[in-house]
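Please go over the structures that come below.
Shared between the two complexes below is chain A, which pairs with chain B and chain C, respectively.
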Partner chain A sequence: MNLENSAHLFRAKPNAARRAERGIFWLFRLATYVVLLSGAAVFANIIFKGAGTVFKTEAPFINTTFLTAAPESLYVFEWQGQKREMGDHAFRAFKQQHPEAANVKAESFVYSAGGIFPCIVGTVLLVLGSMAIALSLGVCAAIYLNEYARDGAFIRFVRLAILNLAGVPSIVFGLFGFGMFVIFFGWNVSLLAGWFTLAFMVLPVVITASEESLKAVPKGFREGSLALGATKWQTIRKNVLPYALPGILTSSILGIARVAGETAPIMFTAAYVVRDKMPWEVEKFSDFFLQGVMALPYHIYVVSSKIPQNEYTERVQYGTAFVFLVIVAVIAMASILLRNRLRNRYKW
Partner chain B sequence: MVTAVHAVMEPLSPSSAAEKPTPRLAAAQPAAAAPAKPGAPAATHLIDIDNLDFFYGASQALHGINLKIEHQKVTAFIGPSGCGKSTLLRCFNRMNDLIEGTRVARGTIKIHGVDIYQPDVDVIELRKRVGMVFQKSNPFPKSIYENITYGLRLQGRNKKSELDEIVERSLRGAALWDEVKDRLDQSGLGLSGGQQQRLCIARAIAVEPEVILMDEPCSALDPVATAKVEELIQELRTRYSIVIVTHNMQQAARVSDRTAFFYLGKLIEYADTRDIFTNPANPQTEAYVSGRFG
Partner chain C sequence: MSQSIPTTKPDHFVIQKKKVQFLGLTVDDCIKVFFGGNAVVSIVVLALITYFLFREGAGFFGQNRQNLMVYRQAGLEYVDFIREETDNHTALTRYLSDLRLRSLNHLVQQKGLSPEAAGASLAKFDEFAGQFGEAVDPVRVILSDLTETATAIKTKFIVNEDKKEERRQLLAEGKTVEAAAVRIVPVDFNAELQPLRGTLPVFKAANHAFANTLTALLNQVPVLPAPELEQRAQRFQALTRDFLATLPLVERNLETWDHHRPVPVSQTITAFVFGRQWLTASFWQDWYGIVPLLVGSLMVSIVALALAVPLGVGAAVYVNQIASLREQKIIKPCIEFISAIPSVVLGFFGIAVLGEALRLLSQQSWLSWVPGFPFSERLNILTAGCLLALIAVPTIFTLAEDALNNVPRSFREASFALGASRLQTIIKIIVPASLSGIISAVLLGLGRVIGETMVVLLCAGNRIAIPDFTNGLAVVVEPVHTMTGIIAQEMGEVVRGSIHYRALFVVGLVLFLVSLGINFMAQKIVRRYRISIG
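Take a look at the complex of A and B:
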């Protein structure tokens, strides 16, 4: 072979395989962009429309009423040639100040004034309680399945059941929770009933992910520990679980987003359309667990479908959705930080 | 039965007997202690394997093994892969229990005359006395200090001064002290491969076992690290009984007093190491040690 020929040996020549390669590459790239764009569109829409409710143009730039007050009715009326918007409390005070306004004709829009503080509190309580239950049950089950149980027909059946549970629609969990906790256990519509319903809903995710995390801990850690005369439980507690924890937390982040966002499981079990008292305003301690709460996703559902729609309700809808996204992001970020800290402490 | 294990083993583990005397066991001692004086030439064999058949599920891994492992000697198990030498080693501290479907179908393994596969044997106590070093060094992702004290803390020994002393003694015993004494609080995973394996040896001797089982401890190490571990074995032999599985015949020849050659789950020959390598009785052994197969 002479030099002149070999210079052309690796030069690119167009052919069918090359064209197919480029085409396929663009197809995959486009698919990714479509996904990305849809996500961005949803977020942009909520942020754009919700920011108007949550932020203000003058100091302190955040609509504190929206974040710290309970929902109330909005009254819209004309006063001395000007269009005024007032919440229920403000409107009554206004009428006392101006007796001549007693008979002013005001349009009222339910839930369109005030804020969503009780919903924020309710959602945070629901998330904390249900994740606590789901994690303790789920991690225990995962430890049993992965460390103790010997593989057999029964264990395979249990795994199949867990997988199936993951596919059950959330409304079915809602109905189950209603029948089981609300009616049969007599807990009524309460935090407790909501906690358990939501916990059962995320349990499959938590169990599966915890099992994966436990599997990822090298066998050598277990053998080394057992060979030093540790019992199985000592081995798990000191030499397996700490190293699986970051992975378990990662899975629970997904669980948090789901628990916070699901409406169907809580609509029969834990959520109130409106409640005047805050959750801590209870007479005795046990009442705390047996009270219903307002919740962000359910509030969005109510203001979007249960009351007449207009420009005022739209503000609440998007404002609530915006706050909801921020809360989920904050909880998720806190979990990620915790996970990273644990990862740095327990890495191998 | 469990107390019998304690009673018979206790006298041969002088340090642990001294550190935590248990009155109940002490009472049981006089009868058993007499024949088991450490160093006494008449001492019975430490591990006595009698006609052992071992199964993984339906496949038989060990066929009728008869073997007596002597006290305070280095015993090497050699043989081609899959010959059952690791399986047998892992019977001695019942690590095979961790694998589903394994069972001793016939025969016994006695340590100090106690059949360790009896259902009433305390496996935890057995593993404290029969330590193990694994093929793949497995330091825990904890500090060097915590690695060494792991086994002690399991026994509820948490006194700082006692732990400090044992950490130093164990690391010195594993010829690692000078290399790591300034970084005991750093992760054991930051050590080199050879150091990690010596850390595992230090961790094993920290709980004062009587026997140390080594499952191809040098197979992942470079020649320099291997030489250090072999030197260490030479030092440990004065205080511990060591059973080592190795693929490296030179290693077996260098470190061991007695060598057992296994082939296809059977014990082919068991004799003094010198005899195995220079004057094997069995032609299969000769073929293997001279490198003609395996």
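Take a look at the complex of A and C:
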């Protein structure tokens, strides 16, 4: 038998069943790539159109006004045969310079000029505060669940609560925060109310992530320490937490992406449509916590549905969406990459 | 000299167990209690959510009962009987005008007449339609008079309630003199309703004349140019006859109507659960029925899942079973990355791009066979559903992939050893073995979609109405409003403590319970149908 010329003995012959298999595999592949492509389409659209607002063609290439100024109204008017577009401040200065322009007819477009600096600051403040609360609560809860608790009815109940908390819609958290912090505690629309609402929302993510990292620390570490006479707390502090902490922090970054991205919980608890003062311009220190802030996601909502749409609003819409998406994407990417690297780092 | 030998105290060999006690607990116990307290937080939060939703929402049912009571006592219900009659008549005239449009199209396109000539040949029909439309006018005059009367009574009542509230507040502040000065004239509904009920004979006469006119007109329906149009004319006649049959019923309703009849407590709940109208800030009567919102939420979720389940599960199977290792390593983080796109950005994308793109696509002539195409509303169930699918896919993908991953290797190997192909192994072994996990993944995806706010708020069209299911699948291109959307939209504008405010909290409560139910089901399915591996 001439093996070299004929096909391999065990090679399957091409037949209808194999063709069908290939075809169906291609369907699965198609489904996967449809998902990836639609995700990419959203990204590409926002990035390409938003880049026009955030970047400029001349140096320094970045539109610093957009990133560092507060939103203001845009005035469009005709002046000496030329069409002029100016922000609120510039328009007033222009009128003072040219007294004859006092009565010029100008169309105004709200929020279409200036920048989004207060929104960026507000989002950063919201994220920092709520993550601080969520991390301290979540890590402690995870330590209890993983280190102290023995399996029993109580622990099962706690786990059930965590699981269910993860499924509660964000708008319900918003309602809850409104009912409890804004009205019952009388904090009004404030940073503090937003912090707690967001912290409770992200709590299940942080607990799950922390527990996973704690579990990854081998049992031998604890047993060795206990055998040397250390107390439980000494063991946890010296021999468990240091090894779990990087994992806890990186996994929690995913929680940051969630906190930064949510709009519904802060709509009635922390976000203002517009605020002239920056958050640090407060009279008393305590006022800092009881002030509302502007936030990027809420600003996107406002400019994309609450104000009349026209050619001038598109600029600020895409610009805000671009900045927001880039911030969230960088956070998420960092989290995913760091987690993948960390998984391979400690091998016990 | 014996005393010169130092007696060494071996203190560093003694194990010192000095226990600091605090409330009977050692330090370690205290630390444990502290951590335990943090673990309880999630239970506490869940309890607090339930408590505050109930606290703010519970008052709704009492207030809604009063709302319904006023509706009856001020005679609004009485007037609405007549209004329903005229509304039904309006629907009939709309049917007629639709018929005219169809006839015109038929004449112009099939018979090749010029639009003017076609219009002229329909003159007889126009005359008929005009007469049919005008027949209701006397009834309508009575209706508008009664509307004013009833509104006046209701206003009186509301003013009275406001004064009562004012007095209560003054009394609470201890200002008895001012409180006594607030004059409250109780509304005598019997007397106030007298003029309303007094119009019954007049209405009856008008109604008889109306019925007679319609019956007479029924015999002179003009002949239409095509058989299918003739069929519609027949249908119109049947509908009119049905309508005529309801007229005596209206009269009987009016006669037997009694404003003293109390509103049962159960009706406040049924009015919410089965109420087909969500109508707020109306000058006539506010309705708080959850059905249109619930149906909207469900429709959007169904469309989203119909897209997301094949894509998410398909992608999970592909990545877990078919793809090469390198492909896996790229695709998994990418899909996880999609889940990081904030929902408000997706919603904005829907408004700015997808809505318009879908509408343009629907207007392509080669796609006209798709139900509902072409459509003109940019924002509708379909637009919101497509975007929500993108939100649900990562959730479904990640969990389903996990479930597939948990199927033991030996299952696969055994299947191959028996000579099954890869496809057979996947379809007959791997997927069934992980089915419970996949189903719970889909359920959790549903939970994610139903609770999503910003996308539906921006892209679902925000029309509070039950979509028209008579068109079959074309229902997916109608705009709707959802439970999450209505809370987000109206919460900022309502007065604290008002019935509207409380109604929104009750909607939130429903949403909360639905999400808990979905979660519960997902867990139960995983636990019950998990195959024993070992």
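Operating definition for what follows: the second predicted complex is superposed on the first by the 308 of 348 C-alpha atoms of A that agree within 3 Å, B and C clash if a C-alpha of one lies under 4 Å from a C-alpha of the other, contacts with A are read in each partner's own complex, and residues count from 1 in each chain.
Assume a contact is a pair of C-beta atoms (placed from the backbone, for glycine too) under 8 Å apart; a residue touches a chain by one contact, two chains touch by 3 or more.
No experiment lies behind these values; they were computed from the predicted model shown.
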item	value
Which of chain B and chain C A:Pro218 touches, first, second, both or neither	first
First, second, both or neither for A:Ser38, with chain B first and chain C second	second
Partner chain(s) touched by A:Thr231 [first = chain B, second = chain C, both, neither]	both
Chain B versus chain C as contact partner of A:Arg150, first or second or both or neither	first
Touched partner set for A:Ala321, first chain B, second chain C, both or neither	second
First (chain B), second (chain C), both or neither touched by A:Cys119	neither
Comparison of chain B and chain C by chain A residues contacted	C
Where chain A meets both chain C and chain B, residue numbers	231
Residues of chain B touching chain A in the complex	93, 95, 98, 100, 124-125, 127-128, 131-132, 134, 136, 138-141, 150-151, 154-155, 189, 200, 203-204, 207
Residues on chain A engaged by chain B in the complex (per definition of touch)	150-151, 218, 220-231, 234, 238-239, 243, 346-348
In the complex with chain A, residue positions of chain C that touch it	27-28, 31-32, 34-36, 38-43, 45-46, 48-49, 52-53, 55-56, 310-312, 314-315, 317-319, 322-323, 331, 333-338, 340-349, 351-353, 390, 393, 397, 421-423, 444, 447, 450-454, 457-458, 484, 487-488, 491-492, 496, 504-505, 508, 511-512, 515-516, 518-520, 523
In the complex with chain C, residue positions of chain A that touch it	17-18, 20-21, 24-25, 27-32, 34-36, 38-39, 42-43, 45-46, 137-138, 140-141, 143-145, 147-149, 157-158, 160-176, 178-180, 183-184, 200, 203-204, 207, 231-233, 254, 257, 260-264, 267-268, 297, 300-301, 304-305, 314, 317-318, 321, 324-325, 328-329, 331-333, 336-337, 340
